[in-house]
């Protein structure tokens, strides 16, 4: 539980911190800032999932925890605890990033991220992330940290929303008025789209049931992610 | 089959989407846009081939399917089905990218890509990709996803055509008027060059037959790519 | 011992040399220089730790050696010898970088790096690095070179101080008036913050003792890092 | 032998081709061009060494072949044949790059690369490369492709000469008047420095003999690189 909170906090510190650094140094060239932001996030995820996977499963994401609950690996009570810890950790991570860069801790983002394209992007990004996890557990569980890191690096670039794909991350990023921020009013749309991505993956898995069902597979995450 | 279509679609969404994002953010500096485009494509290929290799072989490319047909791993009927699914998936991937970036779905590229250097580049890029796959199956099949991802990252840069190396991808990229596009009139030349690359590899393999023949090797892709 | 000195020297030559090259070529865009600097450092650390881990443990860092002393893997005498060799190697590495770039060997940095945010950054960066090592030894010791390289790449970006996280490196970087430098007056603050990060990790480990204690774990670094 | 020639040719096509592409797109920002150049070279080396290591040892470099001759893995006759094939392959690779970019095949570089710092850089780069290979064979031969690729990526940045570290490559790069070129008059100095790096590594190995001698180790490259 501590691992899940610390890991989500570290993830947010990486996402927000590298965004601030990129924006400060890139002289207005957002492509260079996003390259640094995506590279740092991908490398950080690889490290965090490798290190904390054997302890908590390294979800860092309510969508992933919900998927694991559906697979029967978490009880409903554990799911709720995971989600609370993820949100709390995410907030602390954002404040840590602000403190490191000598900024006011409490901020509210003014960055607009809304519209059909953004929402579609979040559905795609979330469904993609969950598919990577489900297929990765089947194909090569040991490679999961590298797979998630690579996927997120790519998804920062191929989606219009830079792939939040995580409700806890979205809430926390509403509270930073920097490169990685999102206006709180717009966060709701992102979170609804992310849940739609989760439902899509659950429905697709149910549809494929019978032939080969990745959802109810007996492969346990905690036992395999290492 | 579904995996092959979904995978090719995801590949195109990555290629076209990251091209659009790169172009929008890079303020006219095409080198930064291509760096992001190549990085996202390489990382995405690593993930897609790792995940879908055990299911469909993860060809995503009519040239690769044709090679596997010549190796006796696909029947002619399966080859045709693979190619149809790849083309359909590629188109859907391009439209998905357009939708995510709030652009009109149907576009026709105006980007000129033609001339002897471009065609030679496509011959080299295609022959290189197929050689990587043939030699990779022999040398270290488990590393194939990383090998293809690394090769394509490099090939985006060392060929003058940014290495399409894939007829299904070429057709689909004719229908996007963005960073990754190619004028439909010019797509034909690319596809002919790509087929020439395939023939070159088949001829070289036949020439080497006797000593050690990677083409008729009994190593099965579907069994080894994982 | 020789390996530890050579490795720390090589690390400094990489950090300082790639900083000089980045600054010379990047035309004032510090984000591009830092991208190159972080990429070269991460790749170099992956290689150095893989190669020298089986010989000396590949600490290259007094904080890591102190941690290993606390784990009982180094005697106090060995710890002192390691630290001396690391500092000497670091200085030689900086001078080698200066020589390669035709600069005066002896320089004193004028680059200001001070303030609460910078110090907090160094506490976070150091505690993070030591946590990566402790958890990495438990989770997947073979991946330690890739984990440390990835972590440092990310930490260059998500901390405000670009993550020195190493007293020997900090001392040596005070003697280069280039991209990677730090004013000697300000180095002391960095080193104090780094030691605070070490104490934090030792305290947290002691707090967790009983359930599972990574500090006193019998896993030997020299035996596992390879 | 064919593998050695093809591999060296492919390496040069990657180095020179990605240099041309980088320079064309980067609008005069040499740091971005070098980032692409170094990334493509590192990724390409990873792929080439993985694929061709089991066939020819994947030297692509007279210094490496000379080292293997000293280790008793090549006869003098084989050494000479390797070197000839490497030089021929390197030239063909440069011409292939020129052809792909619609440039005249025969060019002579006008790019000045000379002076003490450049020569010291080449000594360091060459000694470093050979040390990576010798230590990598001992520590983790399977990781050699990733180690060499990572090292070269870093060495492009931390040496003032961008790390040629290869006499065959140096000769070939004298014949391209592009980003990667070197004035023929200056190539001689580079090659002398590279040989000095080889002698340094051989002398250091001889000095360490008795305790543990990586040079005469019975580990065979061809058997371990895969």
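The letters A, B, C and D name the chains in turn, as written, and every chain counts its residues from 1.
Everything that follows uses one rule, which is that a residue touches a chain if its C-beta (ideal position, glycine included) is under 8 Å from a C-beta of that chain, and two chains touch if they have at least 3 such contacts.
These figures come from a predicted structure and were not determined experimentally.
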Partner chains that subunit A and subunit C have in common: none
Equivalent interface positions on subunit C and subunit D, same or different at half: different
Cα-centroid distance, subunit A relative to subunit D, in whole angstrom: 40
Distance between the centres, which are taken as Cα means, of subunit B and subunit A, whole angstrom: 28
Contacts with two or more other chains, residues of subunit C listed in rising order: 29, 32, 35, 39
Arrangement of touching chains [line / ring / star / complete / other]: ring
Set of all touching chain pairs, with the criterion as stated earlier: A-B, A-C, B-D, C-D
Touching residues (chain side subunit A, partner subunit B) in the complex: 28-32, 34-35, 38-39, 42, 115-117, 120-121, 124, 128, 131-132, 135-136, 138-140, 143, 146-147, 150-151, 153-154, 156-161
Sites on subunit C touched by subunit D in the complex: 10, 13-14, 16-18, 21-22, 25-27, 29, 32-33, 35-37, 39-41, 43-44, 46-47, 50-54, 96-97, 99-102, 149, 226
